[in-house]
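Heads up, the next two complexes both have chain A, just with different partners, chain B and then chain C.
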Partner chain A sequence: MELLVSILVLGATHALLAAGIVIVYKASRIVNFAHGELAIVGAYVFYSAGLITHGQSLLLTVLATAAISALFGVAIYVALMRRLVGQPTFVAAMVTIGLAIILKAAIVVFWQSKSVGINLTRQTLYSFPSGGRLTSVDVITIGCCIVFFAALFAFFRHTRLGRQFRGAAENPLLASQRQVNVNLILALAWATAVFSATLAGVLFGSRSMLSPQSTIIGLSGLTAALVGGLDSLRGAVIGGMLVAAATYLTARLIDPALSEAVPFAILLTVMIWRPWGIYGTPEELNRV
Partner chain B sequence: MFSGTPYLRVSYAETNRILPEPYQRVLVAAIAVAAIVLPAFGNAYLIYLLNLTFLAIIGSIGLNLLTGYCGQVSLGHASFLAIGAFVTAILANRYGAPVWQALPAACLVGAAVGFVVGLPALRFRGIYLAITTLAMHYAIIFILTTYQANFGSSATAGISVPAPALGPYEINGGRAWYYALLLISSGVVLFSLNLSRGYIGRAWVAIRDRDIAAASVGIPVARFKLLAFVCSATLAALAGGLGAYFMGVVTVEAYTLELAIIYLAMIIVGGMGSTAGAVLGAIFMTLLPFGIERAFEALPHAWRLGTTSYGLQEAATGVAIILFLLFEPKGLIEIYRRIAEYFERWPFRYRELQPAERR
Partner chain C sequence: MSPPMARSSPLLEVRQLEVVYNHVATAVQGVSLEVADRQIVAMIGTNGAGKTTTLRAISGFLPAEDVAITDGTISFDKRPLAGRLPHDISRRGVVLVPERSKLFDTLTVQENLHFNVTRRRREIRDKVFDYFPRLGERTSQTAGLLSGGEKQMLAIGMSLVCEPKLLLVDELSLGLAPIVTEEIMGILQNINRQLGLAMLIVEQNAAAALRVASFGYVLEGGRVVFKGPCAQLMEHQDIKEFYLGGAEGKTRSYRDLRQYARKRRWWG
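So, the complex of A and B:
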């Protein structure tokens, strides 16, 4: 029971990270290597916003961080990614790597790489009769993940913009000829991605300390996205849970030191065995 | 022999010369003379920086063979360097192997690792390949970290490497290293130039531009992709081994993913698919952090905030990558080409629609 809860909590963070990578990939075929950095910088922004509001109003902090992260996503699209239309996808990926370096350096410059933790709520323990335990942070993490994915699926399934998004992801040229504003869709994709990265970063930071080294969670997110399939949101959830389960079980049953190696071991296995992931489409391999 | 203009080559040999124009020969001769007499004037710090640059040149030319010519994006270059450094260090420290055995052995191991890392290239292209090499990087670094932790007294001490000796001559001190590295990196430049203008290099370029088309004209794509990985890893292992001797100590912490990205930045900044570009990029990216440090020292004291200088040095790589990809995607070498073309055509300004492929 406790095991399941731990895996669910870890998996929720991975799934959120993977969702951001998948959304950007679906919309523009760009693999975002800056995702871990975006998450951690987002968490640092949340921490600073909390300092500014003196921890008085959690709602204000959350709203401010959400607005900043969404705007930052739009800024990334307008300033960088829009200029790279028509270039090979490798170039865009390199730009995200450059962005990752700048973001990591930003932690050094603006936050002096100090280790900080995020306090979301008072620590409360909920105990179950079966022996499992849940902290309030665990509840928030899983809750945020469920709400986010439910909103995302509803958006893609039931709104006009969501359908346009899927259309633009399928074939941007055809979509733009049918009056879909592809620029808006792509900006929206980046805004959502950075927002979800920030959410994941904040949730991560509320359970363990933040530092420039925590940007490595981007690799877990990328692995989760690849396991599920780079172009499948459903896959992001499953992939996140699988990676979390593998990491956690290795740490628990074999050796904690080995658990750091698990994400890339899974990555290699997936690339050899089924490079398009669980729900991904094999044709994707030739599109990049 | 009749010598044409840059736009009229009259024989195959003339098309394929390394330095087709007289002024280029003068330029290279001037650079060579300057490089040889420079240690007489430069101070120890400058020579140290140049030695670092030579090491970077060897590594970046290695990456350029793979990513620039053959078009296979690799994020695993730092792990190739690490392999070279560790094999050299282990052989020199544990088994007391002399340099003429340790370095070739490092290159051989590097080639073998390059072969293995290159195997996924037979299945993937582009980003998927980059992700695979990324995973390979972490796997190799994980193995080396485990090895280092079990090697010496402490996990972070690393492996010390004695100064290399060829017979009675020991390479020690900045100037001796300068000439040794100048010689080796010149050799590597020549190797890369010859490789790129011959059959192998043109096969790589064909694979980069369109692998299916390359296969259809009879190029064994799989073999040449693997060859590119092997050549690249060998040169990287050479750079890593030399770096191990130069630094005197090898620690796995030096070979991060950031290092691999800095090498990618070198060939992007210099100009992909150009040996001269790889050299220029290596010079630029090696000297950039030191330049920023200098610029910061010139600032008034009040502006110097604790970690800001360090942070900006870190950020410089990212900024360089993004600015060059957005505004000068063909790199520094393209700036040189534009200037050269302006003078070659002067007083005319007409440009070819499809500029000739030149080195």
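So, the complex of A and C:
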């Protein structure tokens, strides 16, 4: 039980990270290598916003961070990605690597690489007989993940904008010919992606300390997205949980030192068995 | 030859259009054409004649596409269209039914039709089901799994939901059985009569297009080589032979054909 909770919490963070990567990939075929950096910068922004509001109003902090992250997503699209139209996708991937480096530097410049922790309420809600605890942060993490994915699925399934998003992801030219401004859709994709990254970063930061090294979580997100299938949101959830379960079980049952390598072992296995991921579409793949 | 319906200024007016791919390949060189309100105009020609490129130029290119309008003007409702983005052009009422990838294959029929249905447009969607009852039976099916004819119907339906003032139809007959082509052409003619919707129909299947249109253009090598009322075009000796197939009497040899092509080039 306790094990399950731990896996779910870790998996939820991975899934949120993977979702952001998937959304951007679906909409523009760009693999975003700056996702971990975006997550951690988002978490730092949340931390600073909390300082500014003196921790008085959690709601205000959350709203401010959400707005900043979404706007930052739009800015990334407008300032960088829109200019790459017509270029090969690997060029865009390179740009995201550049963005990652800049963001990492920003953490050093603006936050002096301080190790900080985000202090959401951390009450113990339940103590497991075996010694573990279920904290409110765990519940918030899992809750946020469920709400985020439910909202996303509902958006894609039942709203006009969601349909247009799916259509534009499949065939941007046709979407444009059907009166949809593809630029807006892509800006929305980036806004959602950076928002979800920030959410993941904040949840991560409320359980462990933030530092420039924390940006490594982007790698877990990318692994989860690749395992699940780069173009599948369902895959992001499954991939996230799978990677989390493997990491956690290895750390608990075999050797904690080995747990870092396990996600990549899974990644390799999946890549050999189904290169397009568990739920991905085979046609999506640009052949090597 | 007089321009079609010279009494009022045309709905769509293309003047000396020139379109170049990859900065080097000229696909359309100096095409001029007009479509009047409520009129069906046909544009016929063989592969590579520049038909699709002309339509694509009218409906707009995405910045990612390596193609550009290098000369000429396109005006719709007396406003210039050239250089605008496809979604903008489509919002102004010029809606294209493309030749290939005309549907969102992973979306259902319903989702395709509802792609940009607003409350106001629900009526039009219902009308689409009236015109194409077969779509009504397939609403929850994935669009990619429809038959060729149904795909074409859905594509036309989707375009109608965009509230077009001018419908551009690219190669409707492609991959369809002649009887299906005829059925859909008939429905288009119906729509034209009932809604007064102007259409520019591009076809390799000249007979099918000339039958429903009132005015026609023949494109070869990126140029207009003939134009005229369809009845007149259908009687033209060369068009009969090379586009409608089987002129009376002898069939000409390959040498004649080559000579014909050379003659065309001079005329163009």
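Methods note: the second predicted complex is superposed on the first by the 278 of 288 C-alpha atoms of A that agree within 3 Å, B and C clash if a C-alpha of one lies under 4 Å from a C-alpha of the other, contacts with A are read in each partner's own complex, and residues count from 1 in each chain.
We take it that a residue touches a chain if its C-beta (ideal position, glycine included) is under 8 Å from a C-beta of that chain, and two chains touch if they have at least 3 such contacts.
Just so it is clear, the model here is predicted, and its values are computed rather than measured.
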Contacts for A:176 in the overlay, against chain B (first) and chain C (second): which applies, first, second, both or neither?
second
Taking the superposition as given, does A:60 touch the first partner, chain B, the second, chain C, both, or neither?
neither
Based on the superposed arrangement, let me know which partner A:112 touches: chain B (first), chain C (second), both, or neither?
first
Which partner does A:166 reach: the first (chain B), the second (chain C), both, or neither?
second
Touch test for A:1: chain B only (first), chain C only (second), both, or neither?
neither
First, second, both or neither for A:254, with chain B first and chain C second
neither
Counting only touches as set out at the top, which of chain B and chain C does A:85 meet: first, second, both, neither?
second
In the superposed arrangement, does A:102 touch chain B (first), chain C (second), both or neither?
first
In the superposed model, does chain B or chain C contact more residues of chain A?
B
Intersection of chain A residues contacting chain B with those contacting chain C?
none
Chain A residues touching chain B in their complex are 31, 80, 83-84, 87-91, 93-95, 97-102, 104-106, 108-109, 112-113, 219, 222, 226, 260-261, 264-265, 267-268, 271-272, 275, 285-286, 288
Give the list of chain B residues in touch with chain A in this complex.
73, 120, 123-128, 130-132, 134-136, 138-139, 142, 258, 261, 264-265, 268, 306-308, 310-312, 314-315, 317-322, 325-326, 329
Please output the residues of chain A touching chain C within their complex, sorted ascending.
85-86, 160, 163-164, 166-167, 170-182
Would you tell me which residues of chain C are touching chain A in their complex?
59-60, 62-66, 85-87, 90-91, 95-96, 98, 101-107, 111-112, 114-118, 158-159, 162
